[in-house]
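The letters A, B and C name the chains in turn, as written, and every chain counts its residues from 1.
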Amino acid sequence: MLDQQTFLRDAMRRLNLTRENFSDRIGIRKRALDTWLLPETSGEYRVMPDIVTKFVTEILGGSMVAQGLTQSVYIADPNTPLRSRIGYHGKPQLLSVEQFSRDSLEELFRIADIMQPIARRQKVSRILEGAVLANLFFEASTRTRISFGAAFCRLGGSVCDTTGFTFSSMTKGESIYDTSRVISGYVDALVVRHPEQGAVDEFARATNIPVINGGDGPGEHPSQAILDLYTIQREFSRLGKLIDGAHIVMAGDLKYGRTVHSLIKLLALYRNLRFTLIAPPTLEMPAHILERIARAGHVVEQSTSLAQGLKGADIVYATRIQKERFGEEAIEGYTPDFQINQAMINASCSADTIVMHPLPRDGRPGANDLSTDLNHDPRLAIFRQTDNGIPVRMAIFATLLGVENQVQHSMRDVSWRSPHHVGPDDAAFDGLD
Amino acid sequence: MLDQQTFLRDAMRRLNLTRENFSDRIGIRKRALDTWLLPETSGEYRVMPDIVTKFVTEILGGSMVAQGLTQSVYIADPNTPLRSRIGYHGKPQLLSVEQFSRDSLEELFRIADIMQPIARRQKVSRILEGAVLANLFFEASTRTRISFGAAFCRLGGSVCDTTGFTFSSMTKGESIYDTSRVISGYVDALVVRHPEQGAVDEFARATNIPVINGGDGPGEHPSQAILDLYTIQREFSRLGKLIDGAHIVMAGDLKYGRTVHSLIKLLALYRNLRFTLIAPPTLEMPAHILERIARAGHVVEQSTSLAQGLKGADIVYATRIQKERFGEEAIEGYTPDFQINQAMINASCSADTIVMHPLPRDGRPGANDLSTDLNHDPRLAIFRQTDNGIPVRMAIFATLLGVENQVQHSMRDVSWRSPHHVGPDDAAFDGLD
Amino acid sequence: MLDQQTFLRDAMRRLNLTRENFSDRIGIRKRALDTWLLPETSGEYRVMPDIVTKFVTEILGGSMVAQGLTQSVYIADPNTPLRSRIGYHGKPQLLSVEQFSRDSLEELFRIADIMQPIARRQKVSRILEGAVLANLFFEASTRTRISFGAAFCRLGGSVCDTTGFTFSSMTKGESIYDTSRVISGYVDALVVRHPEQGAVDEFARATNIPVINGGDGPGEHPSQAILDLYTIQREFSRLGKLIDGAHIVMAGDLKYGRTVHSLIKLLALYRNLRFTLIAPPTLEMPAHILERIARAGHVVEQSTSLAQGLKGADIVYATRIQKERFGEEAIEGYTPDFQINQAMINASCSADTIVMHPLPRDGRPGANDLSTDLNHDPRLAIFRQTDNGIPVRMAIFATLLGVENQVQHSMRDVSWRSPHHVGPDDAAFDGLD
């Protein structure tokens, strides 16, 4: 049995309706809907009448018949688990965002929603008790490593870590094939991060166990793009907006930024988006990505001026310029004007614009990266974004290991006390569904 | 329900009585008291008659009324959990020994006593099952890292480790604020060790989750000072001594030694101590610490001669001279005469003197550190001291996460076999309560 | 209660009979026996009639009386657990293959067989829940570290890892004695790998808790030799062969190769073996090992030609030449002729020859190490060999911690889905018993 929140959120997604449209559609006040969407622990939470459940279920049935097979409608085939539908060469492995359709992506989001009470330390699950993850980081990335590791632990599993090329066997000439096959005999899933594009793919080919690409150099980092889109979807849900038709601004290094390329590929699965791409002249979005957006029927504008480009944005997605890539060389056009800060957001954006960043951001003087003066502004969603890494990665593990339908029944209350808000600057609605 | 040992130990502490005085007070023979204080598994263990429980409870009630609000009497307010009373800026975080009063310190010790059956591998608890600790060691300290990690695991939790500045994001200019807030979204508690004073404080300010200072350079390392004092209290309890009025000798580098500074601050919460401080001329105790001891009404003597200073010591606390700090330079007055060894202890100390050291000790020839020739001497408490790191750190975690009252009921017997003594040279009374 | 497979496999071992001889002995068809030996989940699995159990039990009783005290008969004294019989200076520690007799080795194999359903992700056990392992790797060896760590996790325990000489305390002059005793107070077992021979022994002497030698430089690496022999025994069991009388070929660096020395010591516990040792002239087997084989009544031949030496081999055990040991210098006689590859195996070996290697193998061009062109050949057992590291190391932990008799009753089904074969090239019989 789905809980009330998950049922309603899922229904709104399938019907492609905002909260306002949805409450109109079923003839209730939006205020009532909001109380049904609150966590059960909230003082203002209300139980939804049974009649609403029945009504919504009926609408959903009709909608699915009426809309037939259009891509945006979610029809779960009970005979094909998600792991098979997103499989990589027939295996339960996640290497690329290309493995997703809009449907399978939204199904993964629904699983991530189920994980939220665990990610927020209200519930504990031990469904993966006995399973072991190898977190193989041939390139240091502490936050990503801990995020994957903590997600696996929160499902009850155990983690073996390795960082750097301390993999002595590989320095002795061992092939990736051998390394992958050997480690696969020890554990139940692999997360691999590697500085070379294609290396994770080699790991995946040598084994049948779940492999997740944790970033392969200039290649992909699919879980980052998925958590970014999950964040957009959750923020929009809170604000009563839809992804279809949204205005997305991306700013910074759009040439080398792996995360924006992958995020765009996922966003392109939606309809009628408007992209504004703002980059210094030498760091513009590659042509093949621009073509892809255009082919999918979206509108693209390019700009070198932040102040102009931000106007009307629903999402501002800022990225760090990887200065270590350029050495001492100055980057043409990357001036203080390129910094997104409080003044600029106040001048160009509305109260419901959302500011995101894949992090880390460079906080040093003169870095021109996303300013820390926005830390108290609730429009800054960067920590809601990293927080979402846990439920999204839990959903990925649960899906690839085939336990996604068992998680909800495996939950029990936590025994320890957690703060209501993780960060002292977290906005009042953080953690709210 | 407290067990018999914990009840009695707690009563003696509250009444500030040794075993002898306590057995006098309630009119029984000390021998009988000793059998009640043994572990239940001991052949000589005896169950205490109910009448004793009632009598002691009544004495405790009277004592608390009579002594009113004096600092040394323990009055637990059931409405204020320990985590709130020792809180750091209102958060359940442990940054400094300054957060403790004598009462709250002794309450923590009582919780550590409850942890002893787990620390000694007689019992298992899973109370923190589902919780995740991030062990962030920006400076290598393997023993401290493993001690915190093992303590968290023994409560049922999982641990994500990181060592060194492999924190690639920080080398890319990320602020401590961002790092702390991001990791806090992944886990339930942070232990942070950092080479710079104040860095752990920055971590703590950026999050509401429990943060424990695992050592911040020349700053503090509070769990070390707490386990040191816990060791003194346990050794004295075994010997029938009280901390009030004790003679504490500290020898070695008293200028830079972070551990002695913190330990002195905790000892200063007790009454009428006598300190003998023995250091080479350039490594003497800083004036502000001396003033603090004096202000609290304790007596201080300074000496440069070990042979003289050790006389009449209840505790000899030796510290390592951090030679790496001085390079090739010789340290004035740090001669072989400065080495505490078997001959010196035999000549100057009594049978119930206790020798401690925060470890590591330098065992290389010519190091002049605490000699290994004491390894078989039961007065050497250095490994009882490190062993106590586990129950003390478990008590800190349990307190900050608010599960300290649930631990005892969560215990079950271990399934595996453990040696009776961990070390082949452990004294016969090791592990005895 | 042993399950049917374990009972039968054990009986065949005690009676020193192949499947064919065993089915003859009890008057059934080999085909029937094979169905009883299948996993319960197999479609062709059949339950063995009770009468067979009774008959086999009777044969075993008679056999044990008749054969009296000969070394090859397994007589478990219920009063002496295995940990005591293989103990190291009376402690439950595993430092050397010399601690084993043939009986105790085969008893360990029986325990490893019990672990197989867990190692193959069919079952989960939590018998070591609450126990903590310290995995101390003073020398990097990622695969060995993960293998030990995963084995401990699969029994329900938790692991604290450390890699390299980040052990800051030891760089400050701390002795191994102190390090070992301190860490032993935190955890329940130690795995130690160290570049210097004898260092692990020093660790073991300083503590009473279980210590396992994970490799001490040119010294020993006993768990590797045990898993190698366990692999030989399992492969032979599948093929209906016995170790007694087998022809073992070892090729490569036989002078410095720690693994072949230890494996030979274990093989020498069996009867009437024939060894063919093939090495370049400067890398021949040391004389003291040759003498040991001869003393135990086995036949040894030495050769410098692979093509000749491989003829009639039951086992071909190849080892890597540690080129890093020789620098730029060419190794006399280590030419492409020295490479074991598909063509050579086809030319010189039969269909039931087994090819093993301790890994890593050097896959770089010109390395002359075991060729990757054998990857699809079912005779290549190198990954079955590494897979066996998990049940063998689980058996070692369970034995040293005294839970080997509780594991079977602690098992429950896994909740997640695993691939039928770990590797895409795994032979059809992989994972079969």
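Keep this in mind: a residue touches a chain if its C-beta (ideal position, glycine included) is under 8 Å from a C-beta of that chain, and two chains touch if they have at least 3 such contacts.
The structure displayed is predicted, hence computed values, not measured ones.
Trainee: Touching both subunit B and subunit C: give me those chains, sorted by label.
Mentor: Output, common partners of subunit B and subunit C: A.
Trainee: Suppose you list every residue number at the subunit A-subunit B interface; are over half of them used by both chains (same) or under half (different)?
Mentor: The interface of subunit A with subunit B is built from mostly unshared positions.
Trainee: Specify the angle of rotation obtained when superposing subunit A on subunit C by their C-alpha atoms, rounded to a multiple of 5 degrees.
Mentor: My answer is 120 degrees for the C-alpha fit.
Trainee: Please report how many Å separate the Cα centroid of subunit A from that of subunit B, as a whole number.
Mentor: About 44 Å separates the centre of subunit A from that of subunit B.
Trainee: What parts of subunit A, by residue number, touch at least two of the other chains?
Mentor: If we look for residues of subunit A contacting two or more partner chains, we find 158, 161.
Trainee: Tell me, which parts of subunit C touch subunit A in their complex?
Mentor: Touch list, subunit C to subunit A: 118, 121, 124-126, 140-143, 145-147, 149-151, 153-154, 156, 158-159, 161, 163-164, 320, 322, 324, 359-364, 367, 369, 372, 375, 383, 386-387, 389-390, 414-424.
Trainee: Would you pull the subunit B residues touching subunit A in the complex into a rising list?
Mentor: Residue list for subunit B touching subunit A: 83, 91-92, 127-132, 134, 158, 160-162, 166-170, 172-175, 177-179, 181-188, 205-209, 401-403, 406.
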